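Following are the structures in question.
Presented sequentially are two complexes of subunit A, the first with subunit B as partner and the second with subunit C.
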Partner chain A sequence: MSAPEPVHPLAGVARGRHGAAGDAPLRVSFPARDIVQVMVRRGQDAALAAAMRTAFGIDAPGPGHTASGSGVTAIWIQPGQWLLTAPRTTEGALAVRAAEAFSTCAAVADQSHGRTTIAVSGASAREALSRGCRIDLHPRAFGPGRAASTPIAQIGCLVHQTDAAPSFELTVFSTLAEPFLHWLLEAGAPFGVEIA
Partner chain B sequence: MLRIPCPHCGARDEVEFIYRGDATVTRPGPDGDVGAFHDYLYLRRNPRGWQVEWWQHNGGCRTFLKVLRHTVTHEVRAVATATETLEVPGA
Partner chain C sequence: MSQRFRLPSGGHVDRSKRLSFTFDGRAYDGHHGDTLAAALLANGVRLVGRSFKYHRPRGIFSAGAEEPNALVELRDGARREPNTRATVAELFDGLAATSQNHRGSLAFDWMAVNGLLAPWLGAGFYYKTFMWPASFWERVYEPMIRKAAGLGRASGLPDPDHYEAAHAHCDVLVVGAGAAGLAAARAAGATGARVILAEQDFLLGGDLLNEPGLEVWRQESIAALEAMPEVTLLPRTTVFGFYDQGVLGAVERVADHLPQPPAHTARQRYWTIRAKEVVLATGAHERIIAFPGNDRPGVMLAGAARTYARRYGVRAGETAALFATQDAAYDAAFALAEAGTRIAAIIDPRGDSAAMQRAREAGFTVKPGCVVTGTVGGNALRGVEIGAVGSGGRGDAVPADVLMVSGGWNPAVHLASMSGSALSWDEALLAFVPGAASQHERSAGACRGVNGIGAAAADGAAAGQAAAVAAGFAAAPAITLPEAPAPDHRPYELWEVKGRGKAFVDIQDDVTANDIRLAHREGYSHIEHAKRYTTHAMGTDQGKVGGLVGAAVLAEAREEPVAKVGLPRFRPYTSPVAWGAIAGGEVGQHFQPVRRTALHGVHEALGAVWMDAGIWKRPAYYPKAGDADAWASVKREARAVRERVGVCDVSTLGKIVVEGPDAATFLDRVYANTFSTLQVGRARYGLMLREDGIVFDDGTTTRLGHDRFFVTTTTAQAGPVMQHLEFHLASAWPDLDVSLASVTDQWAAMSIAGPKAREVVAAVVTGLDVSNEAFPFMAVADCLATGVPARLFRISFSGELAYEIAMPAGYAAQVWRAVLAAGAPHGIEPYGVEALGLLRIEKGHVAGSELNGQTTAQDLGLGRMLKKKGDFIGRVLAQRPGMTDPSRPRLVGLRSVDPARQIRAGCHLIVDGRSQGWISSATQSVVDPGWIGLGLLRDGETHIGSVIVAANPLMGEEVPVKVVSPHGYDAENLRVRA
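Entry: the complex of A and B
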């Protein structure tokens, strides 16, 4: 397990201010995440739920929802499948934990290199996202702890609201992270975008 | 623009889905003759009215869904998962 640490797909993006000046910019950052896909085996739903509780202290969330415990967040992505995410430590660490926890009840795939997470926060976040996001992000329809997969600017995106600021984590295929960020800079330009 | 109520994700725009054809055709068994496979592959009712169709929620949960849609008004009356049955209303 001595593979070199991969270069972040957005490592070359210019940090600092993009778009308009203003005192309420869209705050954007690129948190390093371990991302692991968990796919339940047929008829093993109860075993998976028990394993997720034991290993991570998480009750497997239902459609459109997420749940967190012991530094790990589980995001429902489709029937019988979740993404586990955690702050990045050492290469493959979360995948190894998950493979042990779900060895009998689910298939586990490390997606840490394949997906890239972009964090977006600020009062203008909802309005900026609504320029390309078809689902309703109004607090009446969405909120902290909710998640949805939906195309934004024709790029498949997992939208996860993490707090009421509002803050969102947007997870896309790594190969599309750069074009997706370009769209985000355009969408946020009227408010200004501050990349940390 | 159709709005299709996905049983997993809620109502989503048509652009998130891929149309996958008539959901009422049934594949012939292994001893079906060439004629039966021809009909299965090529013949469709193409109704003016209600039709049960496959739509895949490609942009969301990626599951295959059965959708009861009216081919004239585009009204979507019912949506079910792939293993559930949806009856085509008469007339």
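Entry: the complex of A and C
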């Protein structure tokens, strides 16, 4: 029997156009992601780095950075901790892979349901995000492959820039994804928001 | 309507664009580029308001942000905005403006009788007079004073506009776009630095707007800045505060100049700017001289009259006099003469000067060695009285309808001072200038006493370049600078002309020189005390035109130099900022984010009535047709649990995975009881204390593996517990190999409780034997629920046979539906937080009302949980005598003697006429109908069985209650183990 698909926290959000009309709207989507929190054991940093390289082809990124391997991205989130993210496959698949890879050097917690990723792209993305994001997203200060955690609209948010368009992935607690999206729709309203 | 004071040409107004507006209901015309004040003056409107305290007639006094007088209400209805400075309000077509603070008409305000009472209305009058009886202050005196004094009226309606916050970062922030600011921004921008140029005016240029000969340089500078991709221009943006570490606050009036904001556009934007380097180019404010009648409509700052003539093409009057103490002010006379105003006299206390000679050559009547001793007129100036310096008394009158005053220039040091720079006294300028910087900031131009457009621009360019270099950029080739002579700004020292009549040092707050002296006589001699006693410099203008004059009057009274008296401390905001901008988007439903469980939609479909639990929304109960009231719904749900089975969303409980070789050791230290002895696959109730020994939180913790635990917390303390654990792991025991992950959002959970719970769970769960033998009370195991991975806990809060199923949140809805379907034959009911509370009170379980941050484990009957061996957080301080005192209030059960009489949480428990405790939780029982509760009662156990009184003095209730054991329901716990 094929496993039933989980309900996405933003499943109820109306797709299509929000806010102002215009040619260059903010493009927003909710990519389904497997997300795993990896927490290094005391003194196991080198072993973890080796395991991440072997299992995922990723050099563990340092503070403020991300690194991608074959289909998996590691995002540094705090000292000794990373989020691994990948397009969703089957329930718990990434967590199982990670638990095997890091069995002796790190603790692993599946957060695929606990975190929700909102992808934002467009020429106005930086300006819209500046309505709540205190992080400097200017190309000289930030850029593709960079990530930072910061409160936006009173909600803890992991901001990860994925390309120079610019495109960002914003990862928040799933139970706060809806009010976060409402903030984003308000911040993006002057430019228009297109939800795919 | 004719604009009879408008010049045919010149200035920065567009005469081809005619804008209609009203003031106090009368229609007028103005032009694009006008402020409301400029348009009023163009139409000959002189009287624009009544003063704060004495209701004296007042006119337009300045041409900028420092305006003390011309405060008006703009717009109508919900957009009505009081206390707006007409001198900065940009005119738009259809603007409706109204004068404020008068009863009757503006021209005849019967509250002006306060002016006749003035001898008794000095500083401190209210405090001295309205003292008796004390009870009258709030009910009578204060409302009366508030009605008589004061400013405009708020609309009282919800603001229909929206406001937004915004964050900006830059290498160099330049505040002010006069000559110094434009040059600074150009010089910094040329290096490639990221530059923000903020200007409160809607036009960039500052005093350049009064200099047609320098217009080319102004436009060239703006064009150069607009061409720089890393330069951001923010006109209509007031930087109001300089905070620590290069953080500045600013408000951008995005749509104030429009009748209403366009769709999807904020009315105002509240900027938080983080700058590596700051250049302050905020200019200077011309200051008043205190002389009798210096507030009469028609008296205005000399530079303001010049600005109205040169920038707006408006003559401020037909016949003007100038009262100046320095050469720089003389250009006002020339500007007005060019505009066609007759210059009646120039009054100057000095003997002679270059400017005085030029004025004589131009044919003006110059009165050297003279001062203005008074003004003549009613609601408008008709003449100026002139006397020799120091002569005293009233002098000869010269007819004039405008008197231009200049007592010198105060550098606008507000932001520099806020940044931490100590001010220093400039003896030549008789003003305070910024001292050494304490943050990454520098002042340039008039705000540090460098006067004249050419000199200020050069100073700005140097500051801009230095700021960019300090931010790490290489200096760029020099920019071209404007050439302009620097007029002499050094004034003759004249703060006050003494004589009969009110000489104001603060026009906005109706504070006179005599009020300052009174403050000194009564002991309020420190500048901060004098400020508060008299309200000097406390208005929206923050003393920009008169603050230093008041300090000088105080200095004279103290017989000390002004430099020693100083100014009151500068604090944000430099100019008024609307509350709407401060609140930003976080209003109404966006005040706080709303947190929803994965089952939110399910509850909504069931018609749940919501309850706020922190920022969570939780179902309080699920009303059904036929329920008489809320209590009927709650009791129906609770009865289902006691008699059959119910299901409740418990996803809001905090969930933390504690993992690592030292996980058990760690939990033994943070919990008051022991976890290292817990078997894998079992749960245990845990109690956490704060460092001070008070109970912090409780919950069940499960051992998932030898080194892996699953901790649950109460909903309210989920965040604080996580912080507590992280703090101790990082600070107290960094040697422990433990990691913490919050999985509150990963797992949804529901409790299935009641005698039929096992049948329901068995139907939903696969891969697990749920019989009592295989899966006893406190067992935990992984399983599948409706085919998805889940975890089953046999734990109970209700006192019934109960399970909790936790599953990845995205599957919660399907499991919930399966539970309802499986429970349907058994009469399952979803139950909400109210029924949950009822059940736990019946059972005697403590919750947030008992874990209230004041109770010890012993108070709650949990003293035996504290382990005897080994240390844990809170152990030492829990042994203090006050904490172990046997007479502390203890947890008891309570039952209303008359089942129909309600008891309420918060009631005092009265024993022998004295309050000996309180009711912490109350509800209605379903097992033994009537009102029951939990409470904390001194010597609680000794009262069990006796009847005492639950008193609610607020509602006049006294209800006899019987003290019982808190664990009256199934004391042997047979049901949970069934």
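Criterion: the second predicted complex is superposed on the first by the 192 of 196 C-alpha atoms of A that agree within 3 Å, B and C clash if a C-alpha of one lies under 4 Å from a C-alpha of the other, contacts with A are read in each partner's own complex, and residues count from 1 in each chain.
As a working rule, a contact is a pair of C-beta atoms (placed from the backbone, for glycine too) under 8 Å apart; a residue touches a chain by one contact, two chains touch by 3 or more.
It should be emphasised that the depicted structure is a prediction, and the values quoted were computed from it without experimental measurement.
Peer 1: Touch test for A:Ser174: subunit B only (first), subunit C only (second), both, or neither?
Peer 2: After superposing on A, A:Ser174 lies in contact with subunit C but is clear of subunit B.
Peer 1: Tell me the contact category for A:Thr66 with respect to subunit B and subunit C: first, second, both or neither.
Peer 2: The answer is neither, since A:Thr66 touches no partner chain.
Peer 1: Per the contact definition in the header, classify A:Ala189: touching subunit B only (first), subunit C only (second), both, or neither.
Peer 2: A:Ala189 sits against subunit C, while subunit B stays out of touch.
Peer 1: Using the superposition on chain A described above, determine whether A:Ser124 touches subunit B (first), subunit C (second), both, or neither.
Peer 2: neither
Peer 1: Does subunit A have more residues touched by subunit B or by subunit C?
Peer 2: Residues of subunit A touched, subunit B against subunit C: more for C.
Peer 1: Taking the superposition as given, does A:Ser149 touch the first partner, subunit B, the second, subunit C, both, or neither?
Peer 2: first
Peer 1: Based on the superposed arrangement, let me know which partner A:Arg134 touches: subunit B (first), subunit C (second), both, or neither?
Peer 2: A:Arg134 contacts both subunit B and subunit C.
Peer 1: Now for A:His8: first (subunit B), second (subunit C), both, or neither, which partner does it touch?
Peer 2: Only subunit C is touched by A:His8; subunit B is not.
Peer 1: Residue overlap on subunit A between the subunit B contact set and the subunit C contact set?
Peer 2: Shared contact residues on subunit A (touching subunit B in one complex, subunit C in the other): 134.
Peer 1: Which subunit C residues qualify as touching subunit A in the complex?
Peer 2: Subunit C residues touching subunit A: 162, 164-169, 194, 263-265, 272, 274, 585-586, 590, 592-598, 601, 616, 651, 657, 659-661, 708, 735-737, 739-747, 786-789, 808-814.
Peer 1: Provide the residue numbers of subunit A that touch subunit C in the complex, in ascending order.
Peer 2: Residues 1, 3-9, 12, 19-20, 37, 39-43, 80-81, 91-92, 106-107, 109-115, 130-134, 136, 138, 140-141, 153-155, 173-176, 178-180, 182-183, 186-187, 189-190 of subunit A touch subunit C in their complex.
Peer 1: In the complex, go through subunit A and note every residue touching subunit B.
Peer 2: Contact set of subunit A toward subunit B: 63-64, 77-79, 134-135, 148-151, 156.
Peer 1: Which positions of subunit B touch subunit A when the two form their complex?
Peer 2: It comes out as residues 8-10, 12-13, 15-16, 59-63.
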